[in-house]
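Two complexes follow with chain A in common, the first pairing it with chain B and the second with chain C.
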Partner chain A sequence: MSSVNIAQFHKVFFEESLEGLDAMESALLALDEGGDAELVHSIFRAAHSIKGGSATFGFPDMAALTHEAESLLDQVRDGRRAIDKGIIELMLRTVDCLRGMFDRAQGGQPLANADSDGLKLELAAAAGNAIPAAAAKAAAKPAASGGWSIEFRPHAGMLAGGNDPLRLLRELAALGQLVVEARLDRVPTLDALDPTECHLAWHLELTGAVTREAIAAVFEWVEDECDLSIEPIVAAAPPPAPAVEAVAAPAGAGAAAGTPRAAAASSNDAGSVRVGIDKIDGLIDLVGELVITQAMLDQFREDFDPSRLAMLQQGLAQLARHTRSLQESVMGIRMLPIGSVFNRFPRLVRDLSQKLGKQVKLDLVGEHTELDKTVLEKIGDPLVHLVRNAIDHGLETPDKRRAAGKGDVGTLRLEAFHRGGSIVVEIVDDGAGLNRDAIINKALQKGLIKSGEGISDEEVGELIFQPGFSTAAVTTDLSGRGVGMDVVRRNVSDLGGTVSIKSRPGNGTTFTITLPLTLAIIDGLRSAVGDECYIVPLVSIVESVQLPPDAVRSVTGGGELFRFRGEYLPIVRLHQQFGCANARQKIEDGLVIVVESDGSQVGLFVDELIGQQQAVVKSLEANYRRVEGISGATILADGSVALIIDVAGLIRLQSRRKAA
Partner chain B sequence: MGSKSKGGASKGEVRVGMPADFRIAEVTDVHRQLGEALDASQILLDGGAVDRIDTAALQMLVVFQREAQKRGNTVNWAGASAPLHDAASQLGLAQILALPAKQPA
Partner chain C sequence: MSDQARGEVLQSQYLTVNLAHEEYGIDILSVREIRGWTPVTRIPQSPHYVLGVLNLRGAIVPVIDLRLRFGLAREEYGATTVTVIITVGGRQFGVVVDAVSDVIDVASNALRPVPDMGTTVDTEYLKGLTSIGDRMVLLLDADKLLQPQDAQMLEAALNAADDVKAVA
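Entry: the complex of A and B
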């Protein structure tokens, strides 16, 4: 036996299989909407490779389940059976169940549970090859120490048919501990022997965590060419209690798929990224260029002559250009299309709309828009919440829609696109829009506002982002799970992004999430405050102005305001905010940088602007502790540390001070 | 074909060699040789060159060994390759075949 440690391939197998399941799921959903036969083939292929992989990598329970699914799919593929809602539903449940199994496999838990065993029986029943009840029962527990006694008697013609018992026994030996005893009772004399006929038989004992299905799968191709009996070895069968206990909890929780999966996945390691070969080739090219430039600069070290200064400068400029491209390309490796997050929505929308009796058409636009992997992983939950919200609260039931003069089918559009240095994700529904009165009433009731008079639509929209706010008269199990829009906003702002809402009464609601392209590097404006240096993210900067002394008004409570494009904006003096020494005090000596976040603007007062630069973000939290108003730190060319301004945080601080 | 027989019909030692690809399509030749070899008192089996082997070939060897034992012939192995060993053990036939100790291929 070879001693290759097969576990090292598990991670890749899991990743590929989960992708396969995603593909299977989207093909099933497409089929549900009347897709073509090619979809059945792609579903079959996905199931087939998961089956093969799980058998190879030692997950017989998974292989057994996919085997049943595959048999059913095979009948559909051959045209022996028409695809119907029932089969699609069953297959979708199989996808969920397999996802659960992959979770458990990653956590090293037993794969099969009551759910999966039940599903296996349903699949087998649907495919018309019902597993006998006794056998199914025996299969439910993996016969841990008892093992299986197998009587295998090939028919005479089996060898000529190209099936070699040697191969079958090797496969069995790979499943567990195999004891082989050859039966020679039917062997003829050498004269009488036709060497192409099989006269041998075997009694086999297989021990280890092997299911009957896994054994049956080995003999799948020779079923008609041999007499086969597979019996559990009864004497040593242990009480199955622990297996049942372990299984009970996930079986109950299994209905709410999604949440347990995320938890299991995050407990695992840092994960990996699959990178397209073209990106790698691009990187290699760039590194090549960099080496050439370096060699060119190296010449100057040997003999430098002032007349060659121009060439040196040219070389340095080239070096800077290549370094920047290299940086961009390396960042590009972390970029993945948002489609992988969007893919989960067709299923979610289908299930939700069925449950709520609403008709929803889902439009996905811009799936190829790329986002940083970290951002991508964390944006999933807020998006799910917004989509749930849109279907639960936004879109109306068909009768209500008819009453409002709209078509029965509501539209939900998810769109991702680039805008400036950001990625924008919009969730647009054509439902009823925000219920202004209900929101104001609720806010009054919760004491969030003092009166409903003169509140603008924008402010109403902002109210739903307040902690503890939920207007649904009946909290359903869908949206009313104690997670409010405030959590969505917090999650998004943790990613350095913003959420805003726009409602058109009677015509729907648009949520706009704006996210940075990457979290690792920001473009910033370096500005001096006293002896310190701060980086202001370029994306938040509106403009910078020098103010005359009379442009600033002090207001009661100690704040300062200045007039900017017809509006009064508060001034945040960074030296006061962060306690910097030797800073300029007079407003006319310094500069005001107008910044914007979440739709509100403030002016940051600094001494002067030094220049624009890219900053590699280092976490302050990881190296020191969280500081309000600061999102991180970076190291400057001279080795000193500069802090990066958290504009949204500063604005929150400012408005809290105003409210106080 | 790597098979060769010496001694012919007379008594004495007969050597039966096995080809590298010793599978169902190639067994008839060796089958004939084994049948002839039963006339000799001492038989030397050489499986040192066997690279691929299947159940059909092993079954034939088993039948031969049983027959030779019944008749009282002496059967020795001149060589048995690793694939031959592995396949025989996997099918639970190594003992009946009285294979020699495993040697490096």
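Entry: the complex of A and C
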């Protein structure tokens, strides 16, 4: 490892390089659809700075791999070689491989593995041009065949040097398939055993495309403290067919690319947010204003006479305004463009459509729409799921599209925009739409519905959000495992959002995700229930009504219903739900707040409304635990605590009670 | 008592509080602050001894009544009633006691096991007793007061209920 001084720049280097890789990836994808020479230049520049950086910061394996990629790109750039699908594919795999290296570098693991070594050879072969592809495979083969038999006998004092054999074994296991056999012949009897010494030895068999150097590198630090022999296994076992390997590797890498990266990203998150300089400047301006207002108000403290009351009021109004904008700006720092989530889709769509033999054109709209960082992190997986679903189930193969009188190429559009106080993300495809009959059949089979008669399209759409629901005839590795839409819905509602579906048979499907702008602050309606007060989130409120005594119907089992805009809605009496004392009992004395979540509505019966206010959401779970029907707490102006109602939770509770 | 076996004596300090005419000790390292009794916000669906939550400089902290926790009769809160804020395992909670009285030093060899009788309190919340002069002090096991395992069991039950619903 390099000196501490350099290590402190690693994080920045990683961040910049990962951005560089993203840029490379998107440029490559653009090139795949026929781009110009400028794209090649930008790919080259990105590769070049990664190479330079990794050499500087002490990651020679990374530098070596990028160097090969760069040489190949150089030829393309000089026009000595035309770009083709093969090169793009190779480069995309290089990007994936580098990403893997960065992940490992962040975890402090060794960078090179079989993948990267193989890829390096392939790149060199492609650049050399003289070496045909088969020869490159042959060159890679000796390593790829049989594998290695390793005899590892640590000296008794090895542990004292701080070397953990287990760590070495783990590292080896990361290189390929490892079979470990412990040698216990040196273990003394219990009375003679010194637990600080290492008495074990191992016989290891490592299969996979691993070079001797890679293995030696693992043992580099313990060379002097052990007896080590590394012998190739004489190819009794047939070498794995290189062709299979070459096909499997990129597919696996492509599929895996989403998850480990996301994991790495989230582990870094505690670290930092990149904030645009304009946002910082805006904040400084606001603080300046606030200081001026404060100075102005300060004057009144010195000498105040009633004649200047109007000025004081004006000053306070200004203070309120500035505080609010400051609050908004500070929250804005947590807001990041949704583009960072959208960016992963071109690659995903490309890989998936190739795999499924479909032609898909991806439109991304509104990438600059900003979302709270927390929301952004959690929306990725549901979106990936919906996109996969749309390509797998929604869009048809070119043949079927032609038969349906549509163009060969299906369109998938991801669009993000603001609507009111929410962010809406739509996933629109122009495929076949929901297969109504298949869904109804499946639902009948699962006993979710009694009969297929008179079910509206909306209800059919709702059915696919039921747990364990999948109509896929064949379970693929993409979708159809029956884990899916219900998880998507649950993830989204955990974020305080909703998912809905609209299907136009023959013309496609639209999924609409509605998300709150931020999770940290909500607008709420303060409502009194008995001696207590609860905050109802404004976004879930449809309206508040005062009901005459005869508007409420009791149903058997103790439930109450009231008629609201042509529908009967259940009433949840909050004082009963939460056991509040001294609450109003008669329906005509209080108010019913109609709230909605996930498309279902209930009426919350409260004593009265006190007023609207912004609430900073605090967790109850941090020091206590989750409470049914309560999503959190907030602190009121007088310093006391008020609880925030979890509308979705209450509705779930209500329907559970109905089911029971 | 391995400490005693090695002949070492560890000193630790306890804050003593009064509760129904008995004296209890709370490990001073877990005591964060002592504040006068202020009304709290009740939390629905909580055990009766959880009075509610209060705002501790922006953190939402549950408060339990130690009398109710120990199954004693509820007493009107008076001038000496205080809330002791305790931090255990990263979680904070408050306990309401009749009064605080003293800070005592307890040597590890002066710690006696609790006999399974004779006190008004269920012995599972006690980690030992000691005597200071002619006074007997019961040392509380702060970890067990809010009983996270209660909370976890409840959580598990709630999740199970969700899953049952999901399957149905």
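Operating definition for what follows: the second predicted complex is superposed on the first by the 519 of 660 C-alpha atoms of A that agree within 3 Å, B and C clash if a C-alpha of one lies under 4 Å from a C-alpha of the other, contacts with A are read in each partner's own complex, and residues count from 1 in each chain.
We take it that a contact is a pair of C-beta atoms (placed from the backbone, for glycine too) under 8 Å apart; a residue touches a chain by one contact, two chains touch by 3 or more.
If you're wondering where the values come from, they're calculated on a predicted model, not measured in any experiment.
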Touching partner for A:Glu532 - first (chain B), second (chain C), both, neither: second
First (chain B), second (chain C), both or neither touched by A:Phe300: neither
First, second, both or neither for A:Phe9, with chain B first and chain C second: neither
Partner chain in contact with A:Arg625 - chain B first, chain C second, else both or neither: second
Residues on chain A lying within both footprints (that of chain B and that of chain C): none
Contacting residues of chain A [partner chain C, same complex]: 467, 486, 532, 577-580, 618-620, 622-630, 633, 635, 639-643, 652, 656, 659
Parts of chain B lying in touch with chain A, wherever the complex brings them together: 24, 27-28, 31, 34-35, 38, 54-60, 62-64, 66-67, 87, 90-93, 96
Complex contact set, residues of chain A against chain B: 159-160, 164-166, 169-170, 173, 180-182, 184, 187-191, 193, 195-196, 198-200, 202
Chain A-facing residues of chain C, complex: 39-46, 50, 52-55, 58-62, 91-93, 151, 154-155, 158, 161-162, 165-168
